Each structure stands twice: as C-alpha cells, then as structure tokens.
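Below, subunit A partners subunit B and then partners subunit C, in two separate complexes.
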Partner chain A sequence: MRRMLLLALAVPLLQGCKRETRDLRPDPPVAAALDGVAILPIGIGGRPPEVYFALGKPYRTNAYQLSEGKRLYAWFGCPQCHGQGEGTARGPALLDGWWNYGPGLETIYLSVRDGRPGGMPAFRSRLTNDQLWQLAGYVQQLGAYSGGAAAPSRDDAPPTRPAENRAPARFAPLEP
Partner chain B sequence: MKEAAQSALAPGGAEAATLLALFWPVVALLGAIWLAVLLVAALGLWRRPGQPRRPGWPVGVATAGTVLVIIGLTFASYLATRPLSAAAEAPLVVQIQGRQWWWQVAYPAEGDAPGFTTANELRLPLGRQVRLELAAGDVIHSFWVPNLAGKQDLIPGRDNALLLTPREAGIYRAQCAEFCGLQHARMALLVMVQPAEEFARWRAAQAAPAAEPALAAEGRRVFEARQCSACHTVRGSTAKGSTGPDLTHLASRGSIGAGLLPMTRGALAAWVADPQTLKPGNNMPLVPLSSDELQALTDFMALLQ
Partner chain C sequence: MSAQPRDTGLDGAALDAALASVWSARPGLLGWFTTVDHKAIGRRYIATAFLFLALGGVLALLMRWQLAQPEGRLLGPDRFNQIFTMHGATMMFLFAVPVMEAVGVYLVPLMVGTRNIAFPRLNAFSYWVYLFGGALLWIAFLLDMGPDVGWFAYVPLSGPQYAPGKRADIWAQMITFTEIAALAVAVEIVVTVFKQRAPGMSLDRMPLFVWAMLVTSFVVILAMPAVVLASTALILDRLVGTQFFNPAAGGDVLLWQHLFWFFGHPEVYIIFIPAVGMVSTILSTFCRRPIFGYTAMVLALVSIGLLAFGLWVHHMFTTGLPRLGESFFTASSMAIAVPSGLQIFCWLATLWGARPRMAVPMLYVLAFLFTFVLGGMTGVMVASVPLDTQLHDSYFVVAHFHYVLIGGAVFPLLGAIHYWFPKLSGRMMSERLGRWAWGLVFGGFNLVFFPMHILGLWGMPRRVYTYQPELPWAGLNLFSSLSAALLALGFLLFFWNAWRSARKGEMAGPDPWGAPTLEWATASPPPPWNFSRIPVVESVSPLWDAPGELKVATGLRLDRRELVLTSVMAAEPEARDSSPQDSIWPFLAAIVTSVMLIWSIFSPWAVVWGSIPVVAALILWFWPRGTPEDES
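For the complex of A and B:
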C-alpha cells in the first residue's frame, strides 16, 4: 500500500522532469546549415533544410524559440510597418491568414532574410540564421490557421489582439 | 582610491552612513533582547516541575517592554530614514535602465556638457548629490550599491528615483538585487566615485564620438556590415542599434558583459566568439565570424578608448 502511494507520488514528480528544453546555443555548424533552404525559382514555396527536421522543428513548437521570435519582432522594427500583426499603411497584416507569398515557414524565412519587393527590407546581415528562424516561426504563429500548443511570453501592455496561440487567424475574404 | 568590498558595513556615502548609524543600535538592542529571552528560557527549563504556573508581574513587564521597544525602533527608523529623501538644489541626474542582463547608464545634457549613453559603469563626482532615475527595459530589476545606499527597484512602467551622495572616492560594486532571469547573478555594475575635475574630464571624453584610430581600423567595416551594428551603437560610425549596450568607449570600461570578464583583448575576442557559453541565455547571438574577421573586430574594439 505504502509503496503504491510512493509510486503514485513519484510519477507526477518525474513527469515534471521533462520540461521544455531551451536551446540557448545552437552549434555553429547547425546554425550554418539552417540557412540551406531549397526554394522554388519563383521565391514561393520550397523545403527547409534537413537540419531543421533533425532538430525537431522547434521554431513553431518550442515556447522559448517563439518568445525569442517575439522579442526580435519588437527589437528589429517589425511593428513599424506590421503593427502588432494588424498591419499598417506601410506593411501588410500578419494576423489575417492571408499570405502574399504563401504560409510556408521556409517562405516566411526567405521573406525576412532576403526582403520582398514593395519595401520589406532584408535582415540577412542583421540577424543570425537561428534568429531568422525564430522570427519566422513567430510570424507564422501570428497568422496560423490553427492554435498552437506552445505560446510565447505574454505582453505587459493590455492586449490589442488575441494571444498568439489562441483563436486561429480569420480567413481574409478573397479579393474580387 | 578606496576599493571596498561590496558591503553595507563600509559606507562610502552619506545615505549608507545614515543607514549604518541605524543598523548598529538596532543590532545591539535586538541582540540584548535575544540574550535575555534565552536566559529566561533557560531559567524556565531549570525550574523544578510541579510549581504553580500563572502569569505574574514578569509577563506584564515583558509585554510593556516589547511595546516600548517596537515604538522606539519605529520612531528611530523614521528619524533616521527621513533625510534619505531630502533633495539638494541641483543634483546630478543619471538615468539608469535595467535590461536583461546589463545596465544602461545615460547622462542627460547638463549646461554645456552634452549628454551621452554608456553601460555597466556609473561614474559619479565626489560630494555632489546624485539623483538616479531608475527604469526597467524588460522585467523588474533592483539597483543595489550597498556601500552608497539602500536598494531601489526598477519596475517596467513605473519610474523610481534614488538619491545618493558619495563622500569617499573609490570603486564600489553594485548588482541587481531582484531575480530577473537566467543571468541575474551576472548583472553587476561598477560605481566609480571620482574627484569633480576627473569626473568632468571623463564626461567630456565619453560624450565625444569614437576614437580616430578605431574608426580607421579594418574591424570597423566588419562591425558595421555584420550583425553587431544591428544592436550596438558606436558613435562616429554607421552602427546605431539601441537594444544592446553603447560601445563607443567600450575599452575605457573596467569589465565586459556586466562585470563578467575583465576588459582585456582576449576577453573581448572570447566574448564575441561565443557569448552563449560565457553567459548562457543572454541576448547576444553567436555571430559566425571567420578568424580574420574576429581578429579585425577585436583590434577595432580594443581601440574604442
């Protein structure tokens, strides 16, 4: 009886050990390989590098990576044109589930890394490869079609939009 | 120059001396009470069993004594801490912002002395009252330089202020005193109290843009072209990032990484090569650089006097 009780106590305690890992320092060869995105010649759609799958696709499922993406979103001036995701006169919305270049993570990565015509600057020399993935993961989460299990840290300011992992993005009406 | 341990028992300023003057009487009084309580407890244990137990006059005396001591200490504490918030005519204003995990120190323009921003080092003129305006850039931090004053929290969205008057020249270590994340323990700040003329010279030098030899160095190109300039400022170059420490006069500071490593050429190179091993979790990414680039960059940074 006593042994059962101890076991029943130990199981939830041991489960607590499997906390989310924070990869604070990607190995330099891994970080270098993260840049190897195979992209179609039109610049839309493609395939992330093998190492992205080997890592376990952390940039959409790991709360630490999403939080870093959120920090970079604020630090690198994204709100200047995209607001908190609702968009401004200068830049398109990211919340509405309408993606000018498709919803793929590798396409978002490419948009941030190389920029896009119409004013989107290239961040290749401003961010490291893993930071570009973190930012792309966060941006994809903003306009995801389904809620995620992982969430970045909350805002201090009163929210102006649903939390990143809540309420799936509203489908924008198709242009006539 | 006094180089005291980080201790509230070695005051270098008026505020810390005031607090210390309150500290010793309180310790003496409470120590005496503690000894008396132990003595009474020993007497109680020693007493033969079977004697009647009823509250007599000693209980009344102890209760009255407790009330008197508490009232007395409250009054003494009020009197001692009242002058801590007395502002002088024109204090030196310094704006300090706590970030994960370093300190941004900004000196606003004053008279004909221009303003500038530095990091992880606070220099103060001897004998002049200073008003530190404390703000937080991300989470709650706490500013604590025990040799000069008590703690004061830095809270996002609520600006605090702390007055202090250094009375002895020296180098005092300060550190974050509110848990603020992974590298809370490595968030130190050196406070250097200098004679007024020396401080004025330092201030003029810091307000100037980066040194000429540094701007001519090959490493400047690397610094501007690579990820460095996205977060750091070097006045005089095109690097204008504001999320990381201002590095215009980096080499004139005593340490790097908020008190993590001494300011040497080797430590600079090590920090740039792998910041995530030296201070895991800090916001500086591991920027892939070739050895030539790292060499040039280190040359450049060592010239930022």
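For the complex of A and C:
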C-alpha cells in the first residue's frame, strides 16, 4: 500500500523532471543518432530513432524544447508560407488537422529535413538534428486537437492569436 | 460576575498552576500543530530560517567550487542559473526576511511585557504558509524545475517568451507565500507594539529592538504590495496571456523593474533595521549603560524607514533615465548614509570610555561595525551614477551587497542568537566554540568577499557560470573559493555549538547577561504565559532602574487567556482582553491556501475552485465555540 502510494507520488514528480529539464546542447553522439529515422518506402510514416525514446520524447513534452521550436519557426522563415499556422497561398495550413503526409512526428521531421514536392524546402543543411526535432515538435503541437502538458506561451509581440498554452486544456495522448 | 477567578492575592505557585491550565499547549503531536504560542512559533520560524540559510550556503559553495578555476566543469550553464537564482531567492525571501521577523515574533511580546502576540492564530498561519512556500521552491529545484531567472526575475527574460515551462511561475508564487507570511507577522507586531505594551511603557521607554521591529513592520506593510502587484502581473502575463510587460501591446518592461525595486530596496532595510535593533540591544547590555542618544537612534530608524522608499531607482541607473532622475536618486541614496552614520556615531559614543565585556555577542557587534562601514562605503560609491555605470553587474556589486547584508544583518543576527540563546533554550552557548566560529566567520567572510571588489574592478561580470583561462581572474577566484571553506567551517561550528549547547550547555538562569529589558524578567525559557503578572514599567531600562522586584499589575482573570491592553502613546492601561486559544485551523487553512496557490501555477481555474476550501477553512477558524475567550 505504502509502496503504491510512493509510486503514485513519484510518477508525476518524475514527469515533472522531464517536463522542465533544459538540455541546452545534446551530446554529439546523441545528436548524431537523432537522425536515424526508419521510414517507409513511400516517405510517410515510420519510426523515430531509439535515442528519441531513450531521451523521453522531449520534443513534445518539454516546454523548453517546444519554445525553441517556436523561435526556430520564426527565425527560419516558416511564417512566409505557413503564416502563424493558418497557411497562405504558398503553403498549407498547419492548424486545420489535415496533414498532407500524415500527423506522425517522424514524418513532420522528414518533411522539414528533406523538404517535400510543391515548394517545401529542405532544412537539412541549415539546422542541426536536435533543432529539426524541436521545430517538428512545435509544428505538430500547433496542429494538435488537444493541449499538451507543456506548451510555449505568447511572444512579446502584437497579439494576433491566443497563445499556445491557451489551447484546449483537455489532456490527451501526446501523439495524435 | 463574581464567579470569575482573578489573580489578585494568589501566591506564586497557585498562580502559576492556574495560568498553566489555561495557557499550556496540548501535549503530543496535536499540540505541536495547534499551538499559537508566539515562542513556539518563533523558535520554529528561526530554526526553519536557519535551515534555509544552510541550504542557501550549500548553493553558494557549489558556485564557488564552479568558479574556482576557469572553464569549471562542476555545473553547466542551466544548473548554474538555477543555483544563483535559488541562492538569492532562498537567502532573501526564505532566510533574511523571515528570520528577522521570527526574532521579532519571539522577542517583541516578551520585551513589551505581554503574554502572547496579537492575532496568535494568524501567527501560526503565517509560519505554515512560509514553510510551504519554502518547500515549494526547494522541491521544484530538486525536480530540475527551480527558477533560473535571478532572484529579481526581470522581464522579458522571466516573461512568457523567454522563460518557457513553469520555473518562473514557481518563483513568482513562492513570493506570494512569503508575502502572505511577512504581511501577517508585520500586522501582528504593529498591533502588539501599539496596544499590548506593559502599563507604563510609553513610546519613549520602548526598547530599541521593539522600535526597530515596529519600523520594519511598517516598511513591510508598505513595500510588499508593490511586489504582490508585480508578481501577480507576471503570473497573469505567463498564464492567461495578459500584456502588462509586453511593449508590443502597450505594456512596459521597465515597469517590472520599478515595481520590483520599489519593494526590493525597502527589503534591504527590512533586513537591516531589525539588525540595528539587535546591535543597540547587545551593545547597551555589554557596555552596561543605556545606548547613547536614544531619541536620535529612534529618529534615525524612522527616517531610514522613510528614506528606504525614495531610492529604489539606484538599482536602475543603467536603464536610461532622465538626468534629473539620476541626480535625485543619487542624492537620496547618499542621504541614507546620514541616519546610518548617526547610528554608527551613537554606537561609538556608547562604546566610548565603556569597558565592554567581550563575550561572543559583543564580538559579532564589533564585526558588524567594521564590515558594515566598509559595505556602506562601497554603497556610497555605487550610488554615484558614473561609477555605477562602470561597476553595474560586476563582482564589485556582489562584494558590496554581501558586505552590507552579511556584515549588516547576518553578523548582528549571529550575535543576537548567542545573546538570546539562553532565553530561548535556558542554556548558554559555548563561549569557546563561539569565539572560534566568530573568528572563522568574520575572517573567512572578509577573505571570500574582499577580493570580489577587485575582481569587479577588473571587469568580471556577475552571474557568469565560467570564464576563460586567458582572463586575469583565476587567481583571486581560487583564493576566494578556498576562503569559502573557512567561512563554511565557521558556520558549521556555529550550528554545532547551537545544537550541542541546547542539550548540554551550562544552565543560564533568568538573566545571565545582567540585561535591562523585560524579556530577562521572566524564566529562561519563559513559561507559555510569559509573565505570571504583567509588569509595570517606569523607565527605559526597567531591570537596571528597579533592582529587586518589578511593580506588577493584578486583577486579571484566570479562567481564560487574558492580557492587558494599553494606550498607544503613554501605555496607560485601558482594558483586559482575551487572547485566542490553540486551534488546528490555521494549519489546515495554510494547507488549503497552499493548494490553491500551487494549483494556480498550472490553471487559472484554481483561483475559483481553490478558494472554496480556503473560505470554508476560514469560516471554521472563526466559528465561535463558546469558550471564555469568545466573550467580548
């Protein structure tokens, strides 16, 4: 009984640890291994590298990683085509729940890394592996139907839409 | 109403038995959680604050270890940010302010000759809230969620864009806990001092420590609302997307700094003014004469309390101010040296020609005089804008405020602990261990922090987690880090001394120092009712001027907790009043308040749902129970 109680206490606490850690620069072998996505021949769907699970899926559950993804989204010109997620004439929306290549995080990672036909450029040579994952995590959470345990807040910019952490407060499985 | 038993004509033993039956706390664990005795709560408060001092000290040692050599590998940048934030927040909010208020909670009712602090249940509530706030901060830190934005949490770095996660919210909510605790104690002390002084203790017969706590309490009451406002606005910005500090939406980043320092500078005096009171008390006892210039000292205390609110902008000289503003705040910053200097000269005049007894408390007072004057000098230096522009955010500033805070507050506090330890525990602290600890603390402190002046002048910035070997800072940093071991050893000795003396120390008796103030007129440690009969005061040093027996007031009821209310100015007796009984509800109310505050880090709805149990707890707290104390 007491052990169960301790376990029940420990689980959210450990969750808390993962949620708030700030890995400013991953070890080089870890960063290299993050690129090892196994992908189906059609280029959609697959399996993230083992190391992604070993790290505890930080790119969807860690507020710091998500907010880094948000900064990269602004810095690397994503709003040029995708706007603040609502899409433009040049690029599809990210908020509408329709994913041209499926909603999986590894697929979004591949789309950003390798680009897609129809104008999506490849960012392979512009971002490091962990930055690509940060960006993919942010993009996936932009289009998620339910809020996660971790989210970035509003920017210090003129408000154009509710901040990410004002999204639906219902907690749902992290992978849509 | 002839049925009410009175204390008139009872002899000592029968009186004490009657008082014990109404004033004693319940035995056992329940009594521990329900007691509203200001001495029990004050002791607890002091012990907890010293625990936080030790924890903050460990963090300081970690930082010194990291900075001992260039390119140190002990801590990474993220951990270092958390550690310097935790060190500052712990020392300022969980140690310095609470410990000064705690000493006040313990001593003010004894010094003014009453039986309990005003609003004793609020006092218990204040302690629990403080404890839970400290636990919140430290548990978060152990979970890698510790705030990493500095103890001042400047926006935009603590704002929604640059501080993802909940770390900055933990800081802001911890402030709320300490605000509640500090405001509660401040109100209690003001009321205790104004209405519960012993008959005859007019304002000009109040001990200087009581004056200091009174001024401090008013400063707390006036300063804390600014930081309540600031931290609430920060939480709202972060949680619900308000725009208080967002310049793009009409908010203002500098607004944070103004609000924070309008609290933050008086905060320094909240810590320093009680220390002034401690120094005056110790000096007077060990020189065996009243303090020189009592009226001047009181006026200096009050004017420091007032001036404290007029110089916050000197923390912001490098933010780009109008020239007139810079000149004004330079002048007001330097002006505070006038009352401070007046006090120093009053102390020197008290020492002049006296043959002070060089016991450990007195040694700490001398350490204070030396160190605080040095810190005050560098304070006048950084009060001038051109020099401050050079020295801002450098180690010179680190050296300056450690000289002021440790020299100006921690040394007097350590002296005060040695001085009042016999009253707290009934036993003396070891003089021999005390002298060793004093030497190590005083010497170690100067060896650690003096080189930082030079490091600052050589350009070493604050809050860097490491530095390159090409820079000329390695030698002094290593020296400072090695000296930190001496300082730590001194504190260890102090803690060991307190621990050991509380068990095996020499028995003290009611007045081991031959001191003049009322707290020494009762047993050590005092009984739960403090004074068997309320003393009547006829001078500023009652125990010196009325050797033998103090005059006492009689006629108080014995079937309920009762004390005497007196008038504000002349302390003429006005009424007998009841003092509340023990209660579990302050503890439970503190728990539900903490749940609401911590929950509200994660969801704004916590304020709605969480306030229901708070209201319920408060209703039950105040529910009349038909005890004799409920009669008006």
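Keep in mind that, in the parts below, the second predicted complex is superposed on the first by the 141 of 176 C-alpha atoms of A that agree within 3 Å, B and C clash if a C-alpha of one lies under 4 Å from a C-alpha of the other, contacts with A are read in each partner's own complex, and residues count from 1 in each chain.
The rule we apply is simple: contacts are C-beta pairs under 8 Å (C-beta built on N, C-alpha and C of every residue); 3 or more make two chains touch, one makes a residue touch a chain.
Given the structure is predicted, the values throughout are model-derived calculations rather than measurements.
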Partner chain(s) touched by A:Arg161 [first = subunit B, second = subunit C, both, neither]: neither
Touched partner set for A:Arg47, first subunit B, second subunit C, both or neither: neither
Partner chain in contact with A:Lys57 - subunit B first, subunit C second, else both or neither: neither
Subunit B versus subunit C as contact partner of A:Asp130, first or second or both or neither: first
Partner chain in contact with A:Arg116 - subunit B first, subunit C second, else both or neither: neither
When both partners are placed on the shared chain, which of subunit B and subunit C touches more of subunit A: C
Touching partner for A:Trp75 - first (subunit B), second (subunit C), both, neither: first
Touching partner for A:Glu20 - first (subunit B), second (subunit C), both, neither: second
Doubly contacted residues of subunit A, that is, touched by subunit B and again by subunit C: 22, 24, 156
In the complex, subunit A residues that touch subunit C: 13, 16-17, 19-22, 24, 62-64, 66-67, 150, 152-159, 162-163, 165-166, 169
Sites on subunit B touched by subunit A in the complex: 156-157, 225-227, 230-231, 243, 274, 276-277, 280-281, 283, 285-288
Residues of subunit C touching subunit A in the complex: 76-78, 143-145, 148, 156, 159-161, 164-167, 238-241, 243, 245-249, 603
Of subunit A, residues touching subunit B in the complex: 22, 24-26, 28, 31-32, 71, 75-76, 125-128, 130-131, 156
